[in-house]
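In what follows, a single structure is set out as structure tokens and then discussed.
When the chains are written out, they are named A, B and C in that same order, and each has its own residue count from 1.
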């Protein structure tokens, strides 16, 4: 079998005395949608942060696309094809929706040490950005200030920014959190179209979304991955139920 | 359309400023040429600070350092008989840019309140350096031997010629600034100010862009320093005093930070106000201080924000 | 050797004053997240009030004892009138508004006491010197400053580690919402902490009177050195303030005393005469740059901030 797209070994991170991630091993196969579920405070966001390169691990290694990326920071990993969304919506609020996406395009096309030509007039930024915005269903909102978009639209915009970097791997931290039913459905539909083209790591509490999208699921509790398997397997795993539903504490 | 409105404001402002020397001549008040030239020199300094403060989000409390370095570059070269303005001003810009490179490389790695204190501390260091340069007048400073010479192209001893040169430079910087903040480079530093983790996540390493902006701003302010040395025909460590940094920063806020005309307006209003107040009382700072507090508390968007009637729209 | 010891004591004395300033500044920043440039103004106000009250009462000690609560009061008034609204603002606003306060205070003392420096004369009992070691006499007053400063540091330590107020201060530094949840009136706590900082600055200022010139702007000279202390020590940390203050006090004092003679053994005396003072006044800033280069968070970083 080919090497997995992401191979994590022994990844750990402590905040003070608290082990947010504790010797995590994780393989994400090329092309799969891999969900990570677990109770609040399990360390899911910390793991995403470590995968994205925002948090330096205390120990452990991360390989991505056959390369050891452990010592690379977030911008460097982005250039290798890793993109993320944040649990708490993270956009450029004082830029228009289109400019948010155009900035992501810009980061991956040529030098930004250009001082004279207005970036808005650059077709090689504008056109791909518009295409991506259309793709996530925000085409009509291109010129709206990002801060004034609805919450669901801002989450879509975040996905659009991630896509505009033309990633191989998408790290999504609770993409449907805080959304209404309709918005959730729209997001899940969007993600199902993406899932055919990309590898996705999906952290999510919404179990409907998880079971609709995931090919495999890992369960994280107290900083450790306690089980990985197919959706059916995880659904029926007694230890998972106990840990996740809080029916007792794991050893 | 926004662009044409900006162009109109720029043209109108330039025409108004261009009228100052003839009007002052008519009124027989040559003093005003001097005052407005001084305002424009500080406008250039404030504009350069706004690039890193308003657009780049870097609260540098040490911008006066570059003013001082630029002025001293001119003064020291003149002291040794080098009067060529092209050379003097190039050295002024280069020296300030190098200082900004060093200070920026150390301070930009930090953030928030550290950044403020570090930039302030380095400026203070340069201030003490200026004080201890006995050869160049130490504490008291020294007169500029002669104004910069430009091979007969412009004669800075002619107040109007000097005035129009400063005006031309100011307009040039406004145009360059406009291009820069709308170009790729400007968008990166604005994005990093708006949301740095996001900028990193999409693949920008903000450090190098911020440092580049810091160096550009330092160099531009160095040129303002070279102008200031010619303006006052005297140089003193006071150019680098930390209160000067505060004053330049206040010009930016007063006019409206994150806009290009704002700092210009701020420089004109603040220096104008100082001029009026200091004619009223020797203790004018007792009025200026609380005025500053009030502006910060109640008019954060600055005068330009009030005039424009809209938030300066980014992106 | 004795000369080195004497200068080291002077360094300690200066370090003690820097600590008194740094402690207040760092507490106010750690708890209220306020960058207070006007902290130096409180130092200046302390110095002026002590001098004026000493003249008025005819007693140096009484002047000092009265100046302390008076500075505290000034601090409380400043907090309530101007600074309170700044806690929620960003650092830029805080810096500018407190810069405005500095202009105000410097001009105010210039109006009341003039721009020229004024000097305090010490009572005979304090103006002499005593034999510290055979062959080394040390000024009584400077020794007193060291003693008072150390006592204040101990007082602060006890206050922070073993009183209810200290518990709140420590909790407030790490978790604001938690303190609020304890049902403590956070406004009152803030005012109290600010007053404490003001009193410490005032104490430094009133002790500075007989040693340095009392004049408008004196606060900012020390303030910027205090920033260096805090940058070196790590912001928000009292331990860092102690370490930073001692390091800066020593390096600055010893540098001024010995850099020139040391240089003159390496380069020509004339060159040393030129470079010595310049280098000495830049020394602590260069040291700050070095510390930042190796430890961007300072020597004693506080966690999570």
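Assume contacts are C-beta pairs under 8 Å (C-beta built on N, C-alpha and C of every residue); 3 or more make two chains touch, one makes a residue touch a chain.
Since we're looking at a predicted model, the values are computed, not measured.
Engineer: Strictly by the touch rule at the top, which chains does subunit A share as contacts with subunit C?
Structural biologist: Touching subunit A as well as subunit C, we find B.
Engineer: Using C-alpha centroids, which chain lies at the maximum separation from subunit C?
Structural biologist: The most remote chain is A.
Engineer: Can you identify the chain nearest the overall CA centroid, using each chain's own CA centroid?
Structural biologist: B
Engineer: Express in whole angstrom the distance between the two chain centres, defined as the mean CA positions of subunit A and subunit C.
Structural biologist: For subunit A versus subunit C, the centre distance works out to 48 Å.
Engineer: From the mean C-alpha coordinate of subunit A to that of subunit B, what's the distance rounded to whole Å?
Structural biologist: Those two chain centres are 43 Å apart.
Engineer: With chain centres defined as C-alpha means, what is the inter-centre distance between subunit B and subunit C in Å?
Structural biologist: Centre-to-centre distance between subunit B and subunit C: 32 Å.
Engineer: Please output the residues of subunit A touching subunit B within their complex, sorted ascending.
Structural biologist: So the residues of subunit A touching subunit B come out as 52, 54, 73-76, 78-79, 83-84, 86, 90-96, 99-100, 103-104, 106-108, 111-120, 122, 145, 161-162, 164-165.
Engineer: Within the complex, which stretch of subunit B touches subunit A?
Structural biologist: Subunit B reaches subunit A through residues 179-180, 182-188, 190-191, 194-195, 197-205, 209, 212, 313-315.
Engineer: Help me check something: in the complex, which residues belonging to subunit B touch subunit C?
Structural biologist: Of all residues in subunit B, those touching subunit C are 53, 59, 61, 106-107, 109-110, 112-114, 116-118, 120-122, 124-125, 128-129, 131-135, 242-243, 246, 249-250, 253, 283, 285-286, 288-293, 296-297, 300.
Engineer: How about subunit C: which of its residues touch subunit B in the complex?
Structural biologist: Those residues of subunit C that touch subunit B are 29, 35, 82, 85-86, 89, 91-93, 95-97, 99-108, 110-111, 220, 224, 227-228, 230-231, 235, 274, 277-278, 281-282, 285-286, 288-289, 292-293, 296.
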